[in-house]
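Next up: some structures, all given as C-alpha cells.
The following pair of complexes shares a single chain, chain A, combined with chain B in the former and chain C in the latter.
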Partner chain A sequence: MFANILINGAITAGIYALLALGFSLIFGVAKIINLAHTAFYMLAAYFIFTFAYYLGLNAPLSATASIIITTAIGVGTYKLVIERIREHETAVLMITIALALVFQESILLAFGSHFRSAPSFISGHVELLGVSVSIQHILTFGVVLACLLGIWILLSKTKLGIAIRAVAQDREIANLVGINVGTMCLITMAIAVALAAVAGAMVAPIWTIQPHMWMRPLVMVLAVVVLGGLGSLKGSFVAAFILGYTVTLVVFLFPTVSFVKEAVALAIMVAVLLIRPEGLFGVAFEEERL
Partner chain B sequence: MRRGLIALLIVCLVAVALIPGCQPGPEGTIKIGVIGPMTFIQGEQHWYGAKMAADEINEAGGIVVGNVTMPIELVKADSNEILSVPDAATAMEKVITVDKVDFLVGGFRTEAVLAMQDIACDNQKIFLGCGSASKEQCTRVAEDYDRYKYWFRVTPINDNLLVMDSFLMLDNVISVVRDQLGIENVKIALLMEKAEVGDLIVLASEHLVPAMGEGIELVGAWRPSPTATDVTAELSAIKASGAQIILTYFSGPVGVVYAKQWGELEIPAASVGINVEAQKMGFWDATDGKGNYDDTLNTYARIKQTDKTIPFYDKFINETGEFPTYTAGTYDAVYILKEAIERAGTLDADAVVTELEKTEYFGSAGRIVFTSTETGNPHDLMWGADYVTGIGTQWQDGELLCVWPPVDGSWNGVVYEGTVPYKLPPWVIDYWKAK
Partner chain C sequence: MRDYAWSLRKSFQGEILAVPGTAIAFFFLLFLFFVPVITSNPYTLRILIFASIYAIYAASWDFLSGFTGQVNFGHAVFFGVGAYATALLNLKLGLPPAASIPFGALFAVLTGLIVGIPALRLRGHYLALVTLAFPIMLTGIVLAFPNFTGGELGLYGISPLSGSRVVTYYIALVVMIASVLILWKLTDAKSTFVRTGVILHAIREDEITARASGINTTKYKLLAFCVSGFFAGIAGGLSAHFLQIAGPSNLTLFFSFQPIIWTIFGGITTIYGPVTGVYILYPLMEILRGVIPQFRTLIFALIVIFVLLFMPQGLTSWFRDKIEVECPRCKLTNVATRQYCRACNAPLHVEQRLEQR
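For the complex of A and B:
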C-alpha cells in the first residue's frame, strides 16, 4: 500500500501543481486573482480536441496550436477587459468569474454537453513498484518539473525575469526605474495563460473534456495557492504535494468515503490558514517577497 | 372612465382565453409537452424519441378521439434539471400554464422529477416519466392516489430493480471468471459514485453477495464523487485488493473518467454494473476506445426484445446519429398515450388514467404493463421474464452488444435474438493466467 500511496500521491500532486503554477504567477506579479485561469485550461483542451478530431492533427501539433491560440485569447482578454480594472480587486474577481462563465457557455453552444477526449501524447502504462501508472501521468509530472525549472530560470536568470520580480515587489519603484509595468503584467498574463494551456494539453487526455471541466479544478487550484501562500511558486509546489497526498491517503485509508477526499484536503488548508493566515510560504509583508 | 377600462380589460382577457389553440378541443391538436434537459443528451433523446413517435402517428392520420382524428403537436420544454431543480419546476409551470399542454412525457433527474411530478399532478396533467428511476415517485401514487394518479413510469425500471439487474449481470460475469480463469474464490470490489442508487447497491451487496454462494468475497467499496475528475487512486487500491471483478455504478461524468483510466491502466478486474455514459455512442470516442469491454445495464441494443426493437433502434440511429438510451423511452410513452386516449375516446385526464392502468403494450424495450393500484408502487413498470427485463450491454471493439440475459438462456430461459457471449478483457485473462 505504501508504494501505491507514494506514487499516486505524487501523480495527483503533479496535476495540481501544473494547474496552480500560472495562477500563482499572475497573482504574484500583477496581483490579479484570475478565476478564469482554469477556464483557459478548458479552452485549451477544446482546441486540442478540435485540432485532433476535426483537422486530424497529431497530439504534439494540436497541443502547440492550442497553447498559442489560448495564449492569444488570454492576452486579448487581459488587454480588453482585465487591464482596465486591474487596480480594483473585487471587480477583477467578478469579471474573471464572468469571463469563465462566458467561455463555458460559448463552449456549450459550440460543442454541446457531450464528453470529449483529447489524444494522449503517449498511450499505455508502465509498472512502477508494482503500481500501474499511465505514461501520460508520468509525462505530466515531467512537464511540471520542466515548467517549474523554466519559470525559475526566467525569474532569476534573465533581465525580463528581474523586471517581472521588480514589478511584483513594488510597482511604483519599478516604474520609476524605467520598467514598463503594464507590459510586464501583460507578459506575465501571457505566461500564466500559456501555463494553463500546457496544463490543458497534459491533463485533458487523462480526464475528460466537457464545458464544466474548469470548475472543480479551480477549487483545488485555489486551495493549492492559498495553502502555499498567494503568489509563491515554491509554496504552490509544496502545497500541491500536501493536498495530493492528502486526497490519496483518504482513498486508501477510508475508501467508503473517498468522495470526501477533496473536502478533507480543503479542511487541511483551512486548518493551516488558521495557524498561518498568509499560507505556508506567503509573505506577511510585501517587502519579504523575493 | 375607470369602469370603462376595467370592462375593456375583462373583454380582452375573455377574448385571449377564447383564442383557438389556447385550449384543447376535438377540433384542435393534442399537445404533448416533452420536458427534459434539452442542452444535454438526456433531453435531446427525450425529444428525438417523442418526435419519432409523433411523426409516425401524424403520418398515419393522428389519434382517434371519439369520432375525431387529431394530430399530435409536441411542445419542447427545457427543464435544465441537471443544473437546476428550480429551473425544472419553472419549466413545468410554463409548459402547463402558458403552452397549455394536454399531456407530458420526459423528466430525468430524480429531485427535479419529484418537483415536476407535484406540479403536473396538482394541475391534473398526465405525466409519463421517461428518465428517473426513483421508486418514490410511484410510492407517492400509493400513498395519495387521488393526487398522484396522473404519474406513470415508462422508462427505466425502478432503482430497486436496477440493483437487482446489476447483481444478475454480476452473477453472469462471476460464472465467466470461474470458467475462463479457473478461479473459484472470486473477489469483488464495489466502485460506486456517491449517489442514492450507489448507496442502495452497497447496502444490498452486504446481503446479496453472501447469498450468491460460497467462494465469493467482497473486498471493499470505493465511493468517488459523481463529478470526480480522476479515479486512478481508487483503481490502484482496487488492483491492490486482488479483486477480479469491479461492480460499478456511475450516472455522471465520472463514468467516462473511470472507463478511460481502467482501460489505460489495464486494471486486472472485469468491469460490470451501471455506467450511464457507457450507454451512449460518444462513449467510445470520449474514452479513446479505452472503455472497451465495459459492461453496463441498459435499455436498448440491436436485439429482438420485441418486433419493434430493431426497427426503432435502426431508425433512431439513422435520424439522430446516437444510440437510443432510456430517455428515448418517450417513443413508447407517446404510443402508450395514443392507445389509452383512443380507448378512452376523450382527452379527459381521469378517463385516460383509467385506460393507462390497463396498458399492455409491446414497446421497443419489452412488454409494458404498469403495476396495479394494489401494490406499494402503482403505475411503475412491471419487471420480469414476461415484461421488461433491462439488458446488459458490453462494448466489444467499438460495438455496444447485448450480453445479458446470457446467450445460454440460463436466466429464466430468456434469450434475445442478437445477444452475444460476455467477453473478459484480454489483459484480465493474461494477468490472472500468469498468476
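For the complex of A and C:
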C-alpha cells in the first residue's frame, strides 16, 4: 500500500511537473497563459496511437514522430494565431481555450470518443519495495526526470537558456542588449509544447487516451503552477510533487470518493495562497526566476 | 403632465433614435417583446428563454471581470450555488419561484463574499487561476453528499416557473432587461447619482491610485463580487426553475468559460456586449445542433478564433466604431454618415480629412 502510493504518486507528480514546467516557461517568457497546453499533450497521445496502430511503427519511433509533429503544430498555432493578439490578455485566454476545443473536436471527429490505449514501449515487471511495477512505469518516471534535468541544464548553463531567462526578466532590456525577443518566445513555445508532447507520449501506454483527457490535467496544471508561484520553475516542480502525492493519497486511501481528488488538491492550493499570495516560490515582484 | 410626456418624447428622439447603437438595442428589445406574437413554437421560445438567462449570467461576469478587473474563471460557482440553493428552497421548504429565486441568489451573494476574500489578497493572473478552483471544489462537495444534493443526477422535481411557455418567456425577458439595466447603471461612469461606475473603473485601471484617492477598494471589490454573484445566482435560479432540475452540469469547467467566450465575443467592459454575444452565439449554436451536431463545437471554436483575430475588442466595439462617431468638440455620439455634429455643428471625421490631405 505504502509502496504503491510512493510509486504511483511519483509518476503522477512527474507528469504534472513536466506539464507545469512548460506552462510556467511560456508564461514566464512570453506572458501567455496557454490554456491549450494540455491539449498538445492530448494530441501527442493520439499521434502515438495512430502511428502505432494504423502505420505499424514501433513504439520509440512513433513516440519521436508524435513529439516532432505536435511541436510543429504548436509552433504553427503560435505563429498563426496566438502571436497576433498577444497584447490582449483576455483574448489570449479565450483563443487558447478555443484552440483546445478545435483540437478536441478534430480528434473527436477523426477517432470518436472511444477510450484508447497505446502499446507499451517495453514489457515486463520488476519487484520494487515489495510491489510489482511494470518497466513502462519506471521508464516514464526516468524520462520525466531526464527532461526536467535537461531543461534545468538548458536554462542555467547554455547561452540560449540565459537569453530566454533574460527575456523573462525584462523584455525591453533583453531587446536592447541584442536578444531577438520574438525568436526567443517562439523557441520557448516550441520547448513548452515539446515538454507537453513528451508527457503525452509517456502517459499514452499507461493511462487511457480519449478526446477529453486534456481537461483534468489542465486544472491540475493550473493548480500546480499557482501553488508553486507563476513563472517559477522550482516552484512548479515542488508543487507538482505536493499535489501529485495528494491526488494519489486520496485515490488510495478513500477509493469510494476518489472523484473529490481535484477538489482536495485545489483546496490545498487555495489554503496556501491565503497565507502566501505569491505561491510557494513566487517572488512578489517577479524579479527572480529559476 | 403634457410637458413631461413631451420631454420624454424629445429625449427618446434625441438619445435613443439618433444614436445607431441604442436605436438597434431599442428595436431589438421591442422585437423580443413581440416574438410570442410571431411564433409560439416551444422550441424557439425555449432557446430565447435560455438566451435571456445566459445574458444575465454573461453580463454579471462582465460586471466583475470587465469593469472591476477581477478576472473570474469560476463564474459557474455563482450560477451553480444559485441553482442549487433555489432548488433546495423550493423542494425542502416549498417556496414558490418568486421567493426561492431571490433567496437562492442571496446564497450566491454569500458565495461571492467567500470567493471575494481570497481575491482581496490576489491580483491578475493568480486571481484568475484561483477562482477556477471554486466550481470544481463545489462539485466535489456536491458529489460527496448525494443524499442532500442529488449527487450526479442532481435535484429534480422543482416546480416550474409558470404554467405556460409564453408566460415563462416574458418572466425571463423582463428579469433579464431589469438585471441588465441595473448592471448597466451601476457601471455607468458618467452617472451623477450612482458612483460605483467610476469607482470600479478606477479600481481596474490602477488600484493603488484609487486607494490613494480615498476609495475603500476592499469594500468596492467585495461589493463587485456580491453584485455579480447575485445576478449570476438569479440566472442560476431561473434556469433551475425552468429546467426543473439543478445538477452538477452547471459547475463544469466549460460552463465557467461560456460567459467569458460570450463576453469577449460581444465586447468586454460594455454590459451590452455580453448580451449581444449571447443572443448571437447561443441561438447559432442551437441551430447548428439541429443541422450538423457533430461539427457544432468545432464551428463554435473557429468563430471565436476568427472574431478574436480580426476584432480583438469584440463585435459590438468593432461595429460601433463603424456606425458611430463622437463629436470632437462636444463629445456627443453621432451617426457615422453625418458630416457635421447634430448638436454643435462641428465637423466630424476631422482626423480622416487630415489623413487624406
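The rule is simple: the second predicted complex is superposed on the first by the 281 of 290 C-alpha atoms of A that agree within 3 Å, B and C clash if a C-alpha of one lies under 4 Å from a C-alpha of the other, contacts with A are read in each partner's own complex, and residues count from 1 in each chain.
Convention: contacts are C-beta pairs under 8 Å (C-beta built on N, C-alpha and C of every residue); 3 or more make two chains touch, one makes a residue touch a chain.
A quick note: this is a predicted structure, and the numbers were derived from the prediction, not measured.
Partners chain B and chain C fit side by side in the overlay (superposition on chain A).
Looking at the shared chain after the overlay, A:L176 reaches neither chain B nor chain C. Contacts of A:H88 after superposition on the shared chain: chain C is touched, whereas chain B is not. Contacts of A:L266 after superposition on the shared chain: chain C is touched, whereas chain B is not.
In the overlay built on the shared chain, the residue A:P217 is in contact with chain B alone; chain C does not reach it.
Of the two partner chains placed by superposition, chain B and chain C are both touched by A:V257. In the superposed model, A:S113 lies in contact with chain B only, and not with chain C. The angle formed at chain A by the C-alpha centres of chain B and chain C is 70 degrees to the nearest 10. Between chain B and chain C, the shortest distance over C-alpha atoms in the superposed arrangement works out to 6 Å.
Residues 108, 257, 259, 262 of chain A lie in contact with chain B in one complex and with chain C in the other. If you check the complex, the residues on chain A that touch chain C are 27, 33, 81, 84-85, 88, 90-91, 93-95, 97-99, 101-102, 104-106, 108-109, 215, 218-219, 222-223, 225-226, 230, 257, 259-260, 262-264, 266-267, 269-270, 273-274, 277-279. Across the complex, chain B meets chain A through its residues 39-41, 193-194, 202, 220-225, 227-230, 232-237, 239-240, 253, 256-257, 260-261, 264-267, 277, 282-283, 285-288. Residues 65, 71, 118, 121-122, 125-126, 128-130, 132-133, 136-137, 139-141, 143-144, 253, 257, 260-261, 264, 268, 294-295, 297-298, 300-302, 304-305, 308-309, 312-313 of chain C are the ones that touch chain A when the two sit in their complex. Contacts from chain A toward chain B in the complex involve residues 1, 4, 7-8, 11-12, 15, 53, 108, 112-117, 119-120, 123-125, 131-134, 136-137, 205-208, 210, 213, 216-217, 247-248, 251-252, 255-259, 262.
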